[in-house]
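Presented sequentially are two complexes of subunit A, the first with subunit B as partner and the second with subunit C.
After this line comes the complex of A and B, so read on.
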């Protein structure tokens, strides 16, 4: 307990403290470096400062990256698991093949994918084998972005999203508890949404100048590599789940006239909700900590594909800006906590109920 | 019982995993370069007659370092030399290892570092280095090295490292036969370049080959030097000229214009690939440091002056933007006397002229024996003797690590927004933060 206290919470505390100092710049490596308390300046600078634009792009990347990784890895993993659940011939071999990427370390698979996605080789020259022109998609070096938004509007966008989630939850609850759903979720959601829509101008800009961030096309290659690496893992999870559903249940469903699709859609997948949740939790924090794969694939070279963890490393250990690095680490830590704490609370409550 | 067994199994599995993780990087390093010692050995306690040399010279550069060590051993036969090499281009890994060792209070006897602010802004500011002025005076190096160079590796408090080689960063490379075919002359100014570029673009040739991000920084310094001139360039780094001054903004807008003539897939190429584009005839020019000459001479077996040609980058003739590898003496070096003897070898004429032809660079000394160098290096050495010497930003001479780290993000910002004003302003903020 004491060890955990010191080595986990003590160090977290120390990092928080460091992030509130100005430890960095020249002389930061002295035996007794000069550190002054400057409060939240590092954070303010990261989110609204002139030089924090790289970090903001990284954060946006991390969001797109996490969402696409989750959708891709869970979706593809589930799809493969359903196929394998049909008990095709050679299932064992296929299962091994699909699971194998998990065994590679990110740095290795990252290097391999970097070769595959090289602009003048790899995947791009595949069409030439059948006599077509080579593709020219610049996988890892594209500067183009889609789904671009202006960072100035960040607060408005966040409020819109909150309103959207509130309304969504309200609609979902409508069937169960009408009064509460309307009072607690729908009305606040609509009010916030309408307020932002009508009076958005009085909400302050998040930044003093226009700054656009979006989903960078070069990130696509990195997401593909991660999905390739992790879909085998979710496949294994789902496959175990499918095998755990008793054959009787399946037979009963079939007797009632369920199709294959219907069986998975209404019975198997809903039954595996715990598996889906744990896959999402695990993958989302992996995507937040993603470092080596990106380092190997685009590294610090195409910063458009950056990731907060990578920036944290570069800021701290190459630029010697320890305070700022610590601030980035704490931001990452808080985002990870956003995913994990609700899960832990949910687990805890469930255990209390049992 | 069952529980104990399970926990034992779990433990074993965990150990195996840990072992597995630990092995990986070693394999990789061995693959990258068969360095004499792949990892820095634990520092020897201050006993015995050792000399630990910490560097990132492995692979191609290994033999050059070995040759230096040979000379040292001949002069100091009873010293046991420990060659602690950490692989990784430009010292990216070595610098991290060095940081942990210095912060842990276990400095090597002498370590490699890029000469200039990278050393001064990091370790000298932190008061971790010894002043080498007495050594420079005793050895007569004050006269042997050009005055401009000594100024750039020193501060008003002393001189901080012994440069072993000089590389030039502002060089433009081309293939003479190709230029003739396309009817283009090597441009002496950027205006001439833009004229040539229009012609080349019409013929479907990329005017200027560019590679990953650091080469954009590399290109920027050559363009900025051409745009503002050597005096302003020096004023910039001594804090006398603001980055967001008209001169600073002008440099960025010229850089933006130059970028319009580069290849779109730059960020996924290495500098060698960009050089290859020139050699293949896909691109006309490339601005890269003179290690490109080493690559074209040694790897591509081209004859300097025939297979490839060079010129100082447009608008910078008479100016020599330099970068240098050097060795310094950390405070608390365990074998200080041996380290000083090592530094003497590095600065000597013999050491310098043995090392540099092998490394593909020129000697920092003005009296070096030019007959040992190839055609390109001879011309570079001649220029170094007479040109105005200025420090490179991309390679650590002009600014410290804080600025360099931040400059990379300013560059990204510019590559995206293409706004000279914003980039200049960002540089100004960065300079303030980095204490320039």
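After this line comes the complex of A and C, so read on.
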């Protein structure tokens, strides 16, 4: 227990300290490397400095990876689970097929997918077998990006998003509690939105030069491979959940005239909310440390597909820039903590009630 | 519920399931087909076709190349799995049957270790192992896997031991049995299924691990994932080798999955912190 205490909390502390030093460059591998305290400079450089642009693209990628992995794996996993819940023949075989990627290492699946996504082969020539033209999409090397935004506008975009969410929540609440919906959600949302829209110019730029980031098409292949690997997992979670719902409840719903779709939408899926939450937590944790897969698929070749976890490794162990690597690690850690801490606190409270 | 009639609904269900199954099997097919081709027969336009001549030599060549990594991985996985399950079981026993003041808080803090991105502890881990003279070899890697495997194994065992009635422990305590004798005589024999689940989970995780393997070991002690990544890394590789290597790296865990699937899935579900 003490070991875990030291290895987890002691080491996190140590990394925080390292991230505030200038440890790096030549001589950094010496047993007693020279380290000087430089405060938050590493972070400032990552977020605003010239050299940090790669990291900022990585962060943007990480957000897209996470969102799409979550949507894809949870969506597809739930869909397959519903299909298998119809008890088709050969259910066992199918379940085995859908779940086997989960047993594989990211390196194995990354190696195979890299070959599948090769430019003039693999997936791209599949359409030719049904008489269509081959696709010419360069899955892993594309430089094209969609949804491009200027990193300078980041603060404005974030505020817009906040306003949008506030208004959305407000509209949802409207039916339940009109007063609070308007006072707490709608009005602040509209005020923030209007303010940014009208006076956006006085909000400081997040960066001193223009820098464009977007969703890189080259990351699509990686996302596809991750979804392939993890939707079986969510399927298993949901299937276990569906099996846990009693047949009586299902029969009762059917007697009340619920359709299949209605049963899942209004009864089964809402009942499995805890499972959805665990799946989201596990998958977001996986997407944050997604290093092996990208390493195996594009490696350091295509910077457009980078991810903070990969950059952390490259900066730390290839460029020996330990301090900056530590800073990246801490950023990752903070993002992870945003998901995990509330979850663990919830779990703890639940344990207390038991 | 057995359906014998062919309805539009069931046709729809089966066709979607078939398409999905094909999508999930696609990479496995591709790996097998490519691994069995002669290097000269591998070309992008014919990637999906069956090999004209079966060439098993890729496998022997891949085995030759990856043998040291394979052996490393076996040693690593067995030692680390054993260590982390044993300690995890003791921990789980403490957290479920010898609760102390604040043990729930400690346990929650403990679980946190399971979810941190390992990048955040990588640098100090690297330094510590170096200071302990364990960097570069298997013992260091084993130690890392044991320590960071503890949160998940403790969790699985704790949930498992929650099913053992506390009355049983208490009566043993009244009979004068102590902490360890209760563990050895009562808890341990009852927890064999728990050991199976936890070991399978740990085995899979450790076998598949890559980040520590590449950061904490020197070339001679690289586990199989690192060996495979190096095999597949170059630009001008003939793809039969990496594919054969991938199959090799996947076989142990796939065997576990196929033959002990029930326990594997249970581990999977336990790993999702369901309580």
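Criterion: the second predicted complex is superposed on the first by the 331 of 354 C-alpha atoms of A that agree within 3 Å, B and C clash if a C-alpha of one lies under 4 Å from a C-alpha of the other, contacts with A are read in each partner's own complex, and residues count from 1 in each chain.
Here is the rule we go by: a contact is a pair of C-beta atoms (placed from the backbone, for glycine too) under 8 Å apart; a residue touches a chain by one contact, two chains touch by 3 or more.
The shown structure was predicted, so the numbers you read here are calculated from the model rather than taken from an experiment.
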Checklist line | Which of subunit B and subunit C A:197 touches, first, second, both or neither | finding: neither
Next item on the list: For A:317, decide between first (touching subunit B), second (touching subunit C), both and neither.
Entry: both
Margin query: Looking at A:119 after the superposition, I want to know if it touches subunit B, subunit C, both of them or none. Which is it: first, second, both, neither?
Written below: both
Notebook entry, point to check: Touch check for A:172: first (subunit B), second (subunit C), both, or neither?
Noted result: neither
Note to self: After the superposition on A, what does A:350 contact: first (subunit B), second (subunit C), both or neither?
What the structure shows: second
Notebook entry, point to check: First (subunit B), second (subunit C), both or neither: which does A:228 touch?
Noted result: second
Margin query: For the three-chain arrangement built by superposition, which of subunit B and subunit C touches the greater number of subunit A residues?
Written below: C
Margin query: Let me test your reading of the model: by the given contact rule, A:328 touches which partner, first (subunit B), second (subunit C), both or neither?
Written below: second
Check: Which residues of subunit A are in contact with subunit B in one complex and with subunit C in the other?
Finding: 31, 105, 107, 118-120, 317
Note to self: For the complex, give me every residue of subunit B touching subunit A.
What the structure shows: 24, 28, 92, 95-96, 99, 102-103, 121-123, 125-128, 212-214, 264-269, 400-402, 404-406, 408-410, 412-413, 415-416, 422, 425-426, 429-430, 433-435
Note to self: Taking the touch rule as given, give the residues of subunit A at its contact with subunit C in the complex, in rising order.
What the structure shows: 1, 3-4, 7-12, 14-15, 18, 31, 80, 83-84, 86-89, 94, 96-109, 111-116, 118-122, 125-126, 129, 228, 232-233, 236-237, 240, 274-275, 278-279, 281-282, 285, 288-289, 291-292, 295-296, 299, 309, 312-313, 316-317, 322, 325-326, 328-330, 332-333, 336, 340-341, 344-345, 347-348, 350-352
Next item on the list: Using the touch rule from the top, collect the residues of subunit C that touch subunit A in their complex.
Entry: 1-2, 10, 13-14, 16-17, 20-21, 23-28, 30-31, 34, 43-45, 47-48, 91, 104-113, 115-125, 127-128, 130-131, 147-148, 150-151, 204, 207-211, 214-215, 225, 228-229, 232-233, 239, 242-243, 245-246, 249-250, 253-254, 256-258, 261, 264-265, 268-269, 271-275
Check: What part of subunit A is in contact with subunit B in the complex they form?
Finding: 24-31, 33, 50-51, 53-54, 57, 105, 107, 118-120, 138-141, 143, 209, 298, 300-304, 314-315, 317-321
